[in-house]
Each structure stands twice: as structure tokens, then as C-alpha cells.
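Okay, got some structures for you below.
In the two complexes that follow, chain A is the common piece, with chain B as its partner first and chain C second.
This part shows the complex of A and B:
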């Protein structure tokens, strides 16, 4: 039982990180039809911003974190939208998807060539301690991640549902042409979602990198996990992405321990197939109709 | 009938279209203050395009649009809302997953901070009690007629002087059509000007003061609604008269 609790909680922590990444992924899709296949690399990169700031600028960890968050907002938020999404989206969703795939390869190779191909140790935001709860040993990291992720999700929810600005962002996602008619600055609302996504991936990066180490290939698993979490939960619901992420993290961890560690990577895909067959709109999603 | 001071909206030789396709080809007309003016015309005549061009959603390539004496050609919806114009487009235009209250609230998004949105929402709910009953329900749960009502109430939130309303009756029950038209008549009585496009041309002209016939992006006729209702050519083409081949 103790082992189960340990696995469950650490799975929940990983799942919470997946959830943050999946929520960002879905916000971009909802407001601008951007399917960002570089989302995994977006989570890999901010850790390298931190390492780069420490190495090149010689600053301490926390100032480096500040620089990394700022760089994420500018590069993964603003620049990504202006330089890739805006020009490509005019040509349709598919050209944009292919561009984001190209971007993911570019980011991966850039880190490998200009920083390192080796996994880099990455400092955790709080010291690691083992907490004894109900006979199980739980890492303070897991609890910290769960707290931060919950705070991020609650904050986001507060913004989207509790403020006029957030509701204008939702309106933009639901019906951009009507939003424009009401004088809502649609372009600015979309930009805000890109900035929110940049914050979410930066946060995820800072929390996952101490566990996985910072490595140029991290985006592969993370991007896939976020994508699957979004589909499993339901592509059109933020709470779906959260549930999807948590389920995925827990199942992955439990399956690795109780079924087969070797097939750990296959578990998310099996989950994806099962959900698509049994409930294609996702666990929390609504069926969406599209006229062709 | 058009002395200058009673004209609230004037289009002068407007040219507009989509890409290489020109839809409005020198459209010219005037709308008198505190009237209901209905635009009729065959499909493709440019009725909805006129509205999009007035409301800055489509660029006018030539010509001028004047509202209350000021040039508003090619300005933004935000600016036009501030001038006192609102646009209720064709079809369903609500935000389905937001509540009725929040849909209404967004009608005031462009408002200057001096306007108390909550008061305006409250006033809208007094005026349309069904919106209060459903205030906290998702807008998607409203019936088609209630959704149209919500759209109109949302458009009225900033107290517009001119309402552009495109096919308000489409998909509504006869009773709801009557209710919608009554709302428009009430607004006119309060001095609001209404420019409407309507498939249901006969009933629309019956509540209108003026009528415009648009054909191939040009104003074919600009008459009082009564004159149009009694014109045999118009009757034949748009008011449900038989579509006989024109006798030579």
C-alpha cells in the first residue's frame, strides 16, 4: 500500500506537469487553431535558458529563472506567434502544423549543437526532502509540484472565468468574428493566450527538468504526453486537459511499476487508442460537429 | 424626403467586394433618422456586404460613408461602436459556452470606463425578463428566438443611435418574428434608426418607413416602404408574387 501511494503521488506530480503543458496546448488550439507540435520542445527549452543564463551571464539560479521566464514570453510567446503562426496560418492549419514540426526539430538540434547533447543536471526550486505520510515516503518535490500546478490552474481559471478580460478571451475562442463586432481586440486576446502558454511551458520546464535532467530530447516524451492528455481529456475543455494529464501521469507510473517498465512509453499510446475507440470526444469533451 | 439634417447615414458611391470580386458597385443611399429602413434585393445583390462595409469589416475601395455628418469610411468596429452604431449579423452570434449575463456584458466591452456596465446589464434584464430568468445559464441553452433576443439586447447595451440588423427573422417562429419586429418598432419610437436586411420582405416593409431595392450592388429603388409594397414589379420579385417572365 505504501508503495502504491508513493507511485500514485509521484505519478500525480508528473501528471500535473503534463496537465499544464496540455492546457497551454489546448488554449492555442482554441483561440487560433494552432496545433503546436513543438509544444514538447517548448517545455525543454526554458531549462536551457536558465542554464545558458547561469553559464554565459554568470548569474545565480533565481535571476536565471527570471531571465528564462522573460525569454520564454518573448521567444516562445511573442516571436512564435509573430514569426511563425501569423504568416503560416493564412495558408491554413496544415501548413502551420508542418511549420511547428519543423520548429521542433530546429529547437532540438539547436540545443544539441549549441549547448550540449548530454543530459544536464538541473537545480530544483526547493530542496528535496522525503516526507513520511501514512507510511509512504513522498518527495517534497512532488508536493511542491502539485501545489504550484494547482495554483497555476486556479489562477488561470480565475483569469478566464472570473475577469472580463478572460471572458473576452473565451469569446474570441468561441466566435472571433462576433468578438470583433463587439469591439473586442481579437488579435490582442490571441496574443495573450500565446503568452499564457509561454508561462505554462516555462513553469513546466522548471519543475520537470530536475526530475528528467535537462536534455535536448525531453520534448519528445513531453510533447506526446501533452498531446495525448489533451485528447484523452477532451480537446475542447480546459478541465479535460487537466484530468487527461493527471490520469496519464498516474497510469504511466503505476504501469511502469506493476506491469512493465520496458513498456512505459507504450502506455500513453495504448490509453490514446482506447479513448479514441471508446470515446473519441475525450473523457470530458463534447462532440464537435464540423461542416465540410 | 431627405433634408440634410434628418439624414443619419449616407453611402456615396461605395465600391467593395471580396478579393477580385466586386459586390458593391457604386452603392448610394441615405437613411433618415428614427426610421426603419429595409433593404431588399435578390441573392447576391450585396445586402449583407453593405452592412459589412458600413461596419468596417470589409474595406470600401471607393466612396464615402457618413454617419451624423462625420466620415466613417473604413474605420474599425470599435470606433463605430463608440460613434453609436451597432451591428447584429445574420445567423447565430452568441458565445454558446458563456452565460447569458456574460454574453450581455461583452456587448459593453468597447465602452468607455465612464459607462457602468452592470447598470446597463440590469436595465437590459428589466427590459427583457427572459434574459434575467436565464441569466446564469449557458447561452447555448436558449431557444433560437431567445438567442436572437440576447443578441439584440447585447447590441443595445451601448445605447446605439443606429442599428444594422441582418435577417433578424431567419429561423424564428412567427410569434418570435412578431416580437422581434415589435422591439424594432419600440426602438424607432425612442429615436433609434434601424437599417435592416430581411428575406421576409413583406412583413419587414410593413413595419418600415423606407425601403431600398439593391440589385447587383447598386441602389435600384429608394422609396417609402408603402410605395415599394404597392409596386407591382417589387411585388413580383420580392414579396411572394409569382415569378413570371417579364412581359416585354
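This part shows the complex of A and C:
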């Protein structure tokens, strides 16, 4: 039982990070039909912003974190939208998919060539301690991640449902033409979702890099996990992505321990295929109308 | 000049020159160069298959690399067990045809990004099986010393002989694809891509053709794998990871999806270009990724589309210059007539 609790909590923590990444992924899809295949690399990069800042500017950890968040907003938010998504939107979904695949190669190679191809140790935001709860040993990291992720999700929820700005963003996602008629600055709302995504991936990066170590290939698994979480939960609901992320994190951990460590990576994929075939709109999602 | 660029004769000439080049080239190249060009052909065949599924039938698939892998393992394992190569070759194609057909079923239910993720998941699953099922695939150690075939007394063991064998098989497979595209099948695929509802109402059995598009594209991927196995003679699961599927997808789109020669050009940018750009060394992938992003921005129809655009630009220039010359001539005529009427 103690082992089960341990696995469950650490699974929840990983799942919470997946959820953050999946929420950002889904926001981009909703507001601008961007399937961001570089989302995993977006999580990998901010950790290297921190390392770069420490190495080149010689600043301490926390100022470096500040610089990294700022850099994420500028590069992964603003620049990504202006330079890559905006010019491509008129061409439809597939060219944009190809472009983001190319972007993911670009980011990976850039880190490999200009920083290092080795895994880099990364400082955790709080010191790591083991807590003893009901006989189970739980890392303070896990609890910290869960708290931060919950705070982020609650804050996002408050923003989306509790404020005028958030309503305007939702309207933009649901029907851009009508939103425009209602006087909502659609372009600016889309930009906000890109900035929110940049913040979410930066947060995820700061929390996961101490666990996985910062490495240029980290994005591969994280990106895949985010897709799966978004689809399993439901592509058109924020809470869907959260539920999807948590389920995925927990299942992955339990499957590795109780079913097969070798096929640890396979269980989420099978889950994905089953969900897509059985409930394409996701566990929590609404069915989207088909257009002719 | 411009008309010549789009004419059949021009395409025929280019094609003939290319073929002559591919036949003569081996006598001037070292074994590494031969291997490289053979690699290009194998990748082009795999991309041709994906182009059938993606470019013509409009069904996005991120699993073509997995089919190349299945084909390679099938042929590798069978020939290592002593089965004659032609039988192993056919088995690879048939096996991939069957698996591709099954993979087509999700496409009946979901489209676009969902389909992309189902195929992506499939690709990763195949990779995991190749890596973990050691009793069958020898796990991470891969397959070694795969024999090259002896056909009708022709031993293809040497690099040059195998090069010609690859060229022959590529030509046959490319001809098959060309024939499929021109046949009613190809037209049905395009109808499926352009407007599935309309295709259905016109009596195209969209269900069957969707499955067929997947099955045919996959089986050609399997044939590519069957050529790959004796070409490299050693491979391991990492050769067929998701990266290969994404690479093949990039090849098709960069070359020009839905055009016959697109995959060949796309494969060249992935296989041949890095070798010629040795100066760029480790930075090649960065440069390549940037070029792809720029290409997609300005010309989502790929390199073939870029070429077509250039030709139509030239032609328009010619037409407009002809027109202005004509207008000038007419204007002079008119002026002359008016002058005459006035008198």
C-alpha cells in the first residue's frame, strides 16, 4: 500500500506537469488551429535559458529564472506567433504542422550544438527532502510541483472564467468571427494565449528539469505526453487536458511498476488509441460538429 | 522556351537524362557514393508510398517509418533464415499491406490531427516492440550480416551490383506507383482528398478507398524496407524510430505532396544534400530546419510547387509582353484607321 501511495503521488506530480503543458498545447489549438509539434521542445528550452543566463551573464539562480521566463515570453510566445504561426495560418493546418516539426528539430539542434549534448544538472526551486506520510516516503518535490501546478491551473481558470478578458478569450476560441463582431480584439486575444502558453511551458520546464536533468532530447517524451493528455482528456476543454495529464502521469507510473517497465511507454499510447477510437472527443470533451 | 519547360518532351528529356546518369554514375563513384545514392532511392520509394496516402488521398500518416521497419525486419529475418529473397520481398509488402489496412480503420472515424496522433502512437508502439521483443528481433542489438540476394545467377553482393539491383527495383516500384496514380484508383484517391462527402455522393466507396490508400502506401513502405535491409546489411530498432517517420513526412511535403516527382526531390534534400553540404557539418540540421520553415511560409506546395510557380511566372511575363506588343500593334492600326476615316 505504501508503495502504491508513493507511485501514485509521484505519478500525480509528473501528471500535473503534463497537464500544464497539455493546457498550453490545447489553448493554441483552440484559438489559432496551431498543432504545436514543438511543444515538447518548448518545455526543454526554458531550462537552457536559465543555464545560459547563469553561464554567460554570470547571474545567480533566481535572476536567471526571471530572465528565462522573460525570454520564454518573448521567444516562445511573441516571436513564435509573429514569425512562424501568423504567416502560415492562411495555408491551413498541414504546412503549419510541418513547420513546427522543423522548429522542434531547430530547437533541439541549437541546444545540442551551442550548449551541450550532455544532460545538465539543474537546481530545484526548493531543497529536496523526503516526507513520511502513512508509511510512504514522498518527495517534497512532488508536493511542491502539485501545489504550484494547482495554483497555476486555478489562476488560469480564474482568468478564463472569472474575468472579462478571459471571457473574451473564450469567445475568440469558440467563434472568432462573432467575437470580432462583438468588438473583441481577436488578434490580441490570440496573442495572449501564446503568452500564456509560453508561461506554462516555462513553469513546467523549471519543475521537470531538476528531475529529468536538462537535456536536448527531453522534449520528445514531454511533447508526446502533452498530445496524449490533451486528446485523452478532450481537446476542447481546459479541465479535460488537466484530467488527461493526471491520468497519464499516474497510469504511466503504475504501469511501469505493476505491468511492464519495458512497455512503460506503450501504455499511454494504447490508452490514446482506445480513447480516439471509442470517444474521439476525449473523456471530458464535447463532440465537435463536423463541417462539410 | 517557357512552353518547352512544361512540355512532355522536356519532362521526358529530364527523365531520360536522369536515368542515363543513374546508370552511368556508378562507374565513377566510390562504394560510399553508391551506398548514398542507393539510400536516396530507398528513401524515395518509402516517400512515394507515403505520398500516395498523404499527397493523393489526403490521409495524414506519421507511421511510414514504422512500415519501412516492419518491411526491413521481415526481409532481414526471412533471408537470415534462408528463405529466398524474392519471397521475403513479397512477404514484406503483403505484411505491410495488411497492417496498413488495419491502421486505416481509425482514419474512417477520425481525421486530421487525431489521425496524425493515432499513426504517431502506432509508430512508437512498433518501435517498442522491435526494441523489446528480443526473441524475434534481437532487441537493441538489431540484425547483422543480412545477405544480399542472388537472382537468376546474378550475385548482387558487391556494392555496384547491388546498386543496379536497387535501381531496377526502384524503377519497377516507381512505375507501379505512377500507374496507380493514373488509374481510376488514383482519381478516387484525389476525390477523397478534395471532398470526401462529394466523392461519396458520386458513388466512390470512400470507406474502401481510405483503407486502400493506407494499405497501398504502407505496402510500398514495406518494399522500401525490404530493399533497405540488404542494402545496409545491419540495422537496429533506432533506425526506424519516430524520427524516420517524421523525416519521411518532411520529405513528402518539402518535395511537393501530391506530385509524382516530389518524393524524389524531398528524399534528395534529406539524404544527398547533407553529404554535399559537409562544410556545414553539425549545423546542417539547423540550416535544413530553417529552410523548411521558410519554404512552408512562402510555398507550402514544396519545391515542385516553387518550380511550377517560377515557370508560370515566366509564362505570364511572356504572355503579358506579347499582349502589350499586340496592343501596341492594334493601337497603331486603330490610329491609322481613324486617320483614314477622318479624311
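Here is the rule we go by: the second predicted complex is superposed on the first by the 292 of 292 C-alpha atoms of A that agree within 3 Å, B and C clash if a C-alpha of one lies under 4 Å from a C-alpha of the other, contacts with A are read in each partner's own complex, and residues count from 1 in each chain.
Keep in mind that, in the parts below, a contact is a pair of C-beta atoms (placed from the backbone, for glycine too) under 8 Å apart; a residue touches a chain by one contact, two chains touch by 3 or more.
Keep in mind that what you see is a predicted model, and the values were worked out from it rather than measured.
Chain B and chain C, once both complexes are superposed via chain A, fit side by side. Chain A is touched at more residues by one of its partners, and among chain B and chain C that partner is C. With both structures placed on the common chain, the touch criterion links A:185 to chain B but leaves chain C unconnected.
By the touch criterion stated above, A:270 is placed in contact with chain C alone, chain B being left untouched. Residue contacts after overlaying the shared chain place A:1 against neither chain B nor chain C.
In the superposition on chain A, contact of A:56 is made with neither chain B nor chain C. In the superposed pair of complexes, A:171 makes contact with chain B only, with no contact to chain C.
In the superposition on chain A, contact of A:106 is made with chain C only, not with chain B.
Closest CA pair between chain B and chain C after superposition: 17 Å apart. Partner chain C is touched in their complex by these residues of chain A: 29, 35, 84, 87-88, 91-99, 101-103, 105-106, 109-110, 112-113, 220, 224, 227-228, 231, 262-263, 265-266, 269-270, 272-273, 276-277, 280, 292.
Residues of chain C that touch chain A in their complex: 60, 106, 109-110, 112-114, 116-118, 120-122, 124-125, 128, 131-132, 197, 242, 246, 249-250, 253-254, 282-283, 285-286, 288-290, 292-293, 296-297, 300. Residues of chain B touching chain A in their complex: 55, 57, 76-78, 81, 87, 89, 93-98, 102, 105-107, 109-110, 154. Contacts from chain A toward chain B in the complex involve residues 164, 167-168, 170-171, 174-175, 177-185.
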